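After this come two complexes, each holding chain A, first together with chain B and then together with chain C.
Moving on to the complex of A and B:
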């Protein structure tokens, strides 16, 4: 099983590298989608079908949206040569990150053996306390419903702001068109 | 409905007849699978978010295959935005109704027998509210990015 995870991780790393390095925007988007499908396979084999379903569906939708967006945009990749200063600073920061990660991950429990302090109570009590057989649903909509509310509000706010920004014609433009059409002069013109 | 049927027969908009035929066959099953994922969210893997995204994907497929006119005749951008708001409002109202059981977001309805379709109190209701919200919201995002964006590119060209 571990070999499978290593193969999947390698696949995702290669996909991410292709997505960054390739010149064509469309193949970059498709490579990013491959990374997402690798993640969903990973969740599936780790025994989290809820997350796997959500991941694969959201990946499909975001792939459709990104392909739709890139086919209309100009597909020129941004050519920029790395100068020596940015290379050196990048390497230094990567070194810091690796050092901090090695230092921080020493205290982590081994792979596949979580701590199970609160989660043990959740797992044993979900069916009795909430009546939901699917423990994930019981947790996100009963024990942690407040988190889900926050998540819903985040999505709501982001979509509201996307609508406001993407809207080409504001309400003021429509009013201006009306004044042109019906010949009502504005305050300044009077 | 008659208007939608006429619009969907218009061959100038949307993709080829192959895509349209396959979409006609597949769309209802995608919708059905979405409803299944939502309504059985407390029993099998899935839930409001995943099912909502599936519902929005069926509308996105409608828009891609038949063109934006058919999809907007089914669910206009005003109603997509409105359903988004109503879903979020329903979720918060369910949360406030939980105050009758003690505190915010209490599971105040009778839980029933675990494993049955009507069980788990407010969890299925929350799943439905989230599904309405998410499906309308992601469809609205697709409307915003494809239709509004295309108008911009045509103007600039």
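Moving on to the complex of A and C:
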């Protein structure tokens, strides 16, 4: 099982590298989708089937959105010259991040032995207290329903603003063309 | 002690690649892909933290009772939080793509440095 996780993780790392470095935007988007499906398989083998299903659906939708955003434009390569300053800055930053992460990982419990103080209570009580067989549904829809409500508001707001941004024409343009001139008038117009 | 698993390190490398794309790339869609990869890495990290060796999914069917489930199942709490986080990721991705499309309509390019130059 552990070897399978490592293989999937390597696949995702390679997919991410291809997605970031390839020149053609369509292949880049599809490589990012491969990373997403790798994450979904990982969820499945980590004992989270609900999340695996959600991840597959979300992955398909986000691929559609990204392909819509890339294909209508010209896909010529933008990275003509190497922007060395931001590359070096980024690599230094990532180096610091990984070092800090390795330092912080010392305090975690080992992989495979989670600290389940609250979750044990949820697992033993879900079927009796909420009537749900699936502990995940019991948590998102009953124990932590207010969290879910807040997150639904965030989702609603972001989709609403995407629609507002993508609207073709303003209301004013549809009703009447605004022909009034602004600024200082010319002498003959006075 | 010694909680550092090689899976955690690889996961952090995946997130580092996302940050690299966000900082160093000039194509807007590449930056969006960087954000998406970071999202994947963080979600996966939370699920990895809740994994129990040879654990089963936290679903109570007829073959198991509640006390056995509490011993054998993986942690359901990060799963519940990540489930909503994934869907929100889709919403933010749609917002970012909409803004990128509008920027392309205005400036006729996806290049970030060109967009900085053509102000107004």
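Basically, the second predicted complex is superposed on the first by the 166 of 190 C-alpha atoms of A that agree within 3 Å, B and C clash if a C-alpha of one lies under 4 Å from a C-alpha of the other, contacts with A are read in each partner's own complex, and residues count from 1 in each chain.
Throughout what follows, a residue touches a chain if its C-beta (ideal position, glycine included) is under 8 Å from a C-beta of that chain, and two chains touch if they have at least 3 such contacts.
These numbers come from a predicted model, not from an experiment.
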>> In the superposed model built on chain A, check whether chain B and chain C fit or clash.
In response: fit
>> Looking at A:166, would you say it contacts chain B, chain C, both, or neither? Reply first, second, both or neither.
In response: both
>> So in the superposed three-chain picture, is A:107 touching just chain B, just chain C, both, or none of them (first/second/both/neither)?
In response: second
>> On the A-aligned overlay, A:3 touches which partner chain: chain B = first, chain C = second, or both, or neither?
In response: neither
> Which holds for A:54: it touches chain B only (first), chain C only (second), both, or neither?
Replying inline: both
>> By the touch definition at the top of the document, which applies to A:17: first (chain B), second (chain C), both, or neither?
In response: second
>> For the three-chain arrangement built by superposition, which of chain B and chain C touches the greater number of chain A residues?
In response: C
>> After the superposition on A, what does A:130 contact: first (chain B), second (chain C), both or neither?
In response: first
>> Quick check on the superposed pair: does A:153 touch chain B, chain C, both, or neither? Answer first, second, both or neither.
In response: first
>> A:64 in the overlay: touching chain B, chain C, both, or neither? Say first, second, both or neither.
In response: first
> What is the minimum C-alpha distance, in Å, between chain B and chain C after the two complexes are superposed on chain A?
Replying inline: 7
>> I'd like to check the shared interface: which positions of chain A are touched by both chain B and chain C across the two complexes?
In response: 49-50, 54, 58, 61, 65, 68-69, 127-128, 133-134, 136, 140, 148, 152, 155, 159, 162-163, 166
>> Considering only the defined contacts, which chain A positions touch chain B in the complex?
In response: 49-50, 53-54, 57-58, 60-61, 64-65, 68-69, 72, 127-128, 130-134, 136-138, 140-142, 145-146, 148-149, 152-153, 155-156, 159, 162-163, 166-168
>> Give the list of chain A residues in touch with chain C in this complex.
In response: 1, 5-6, 9-10, 12-13, 16-17, 19-20, 25, 28-29, 32, 35-36, 39, 42-43, 46-51, 54-55, 58, 61-62, 65-66, 68-70, 73, 78-79, 83, 86-87, 89-91, 93-94, 97-98, 101-102, 105-114, 116, 118-120, 122-128, 133-136, 139-140, 144, 147-148, 151-152, 154-155, 158-159, 161-163, 165-166
> Of all residues in chain C, which touch chain A in the complex?
Replying inline: 1-21, 23-27, 29-30, 32-34, 36-37, 40, 43-44, 47-61, 66-67, 69-70, 73-77, 79-95, 97-102, 104, 109-111, 113
>> Residue numbers of chain B touching chain A in their complex, please.
In response: 37, 41-50, 53-54, 56-57, 60, 64, 81, 84-85, 88, 91-92, 95, 104-105, 107, 111-115, 119-123, 126-127, 130, 133-134, 137-138, 140-142, 144-146, 148-153, 155
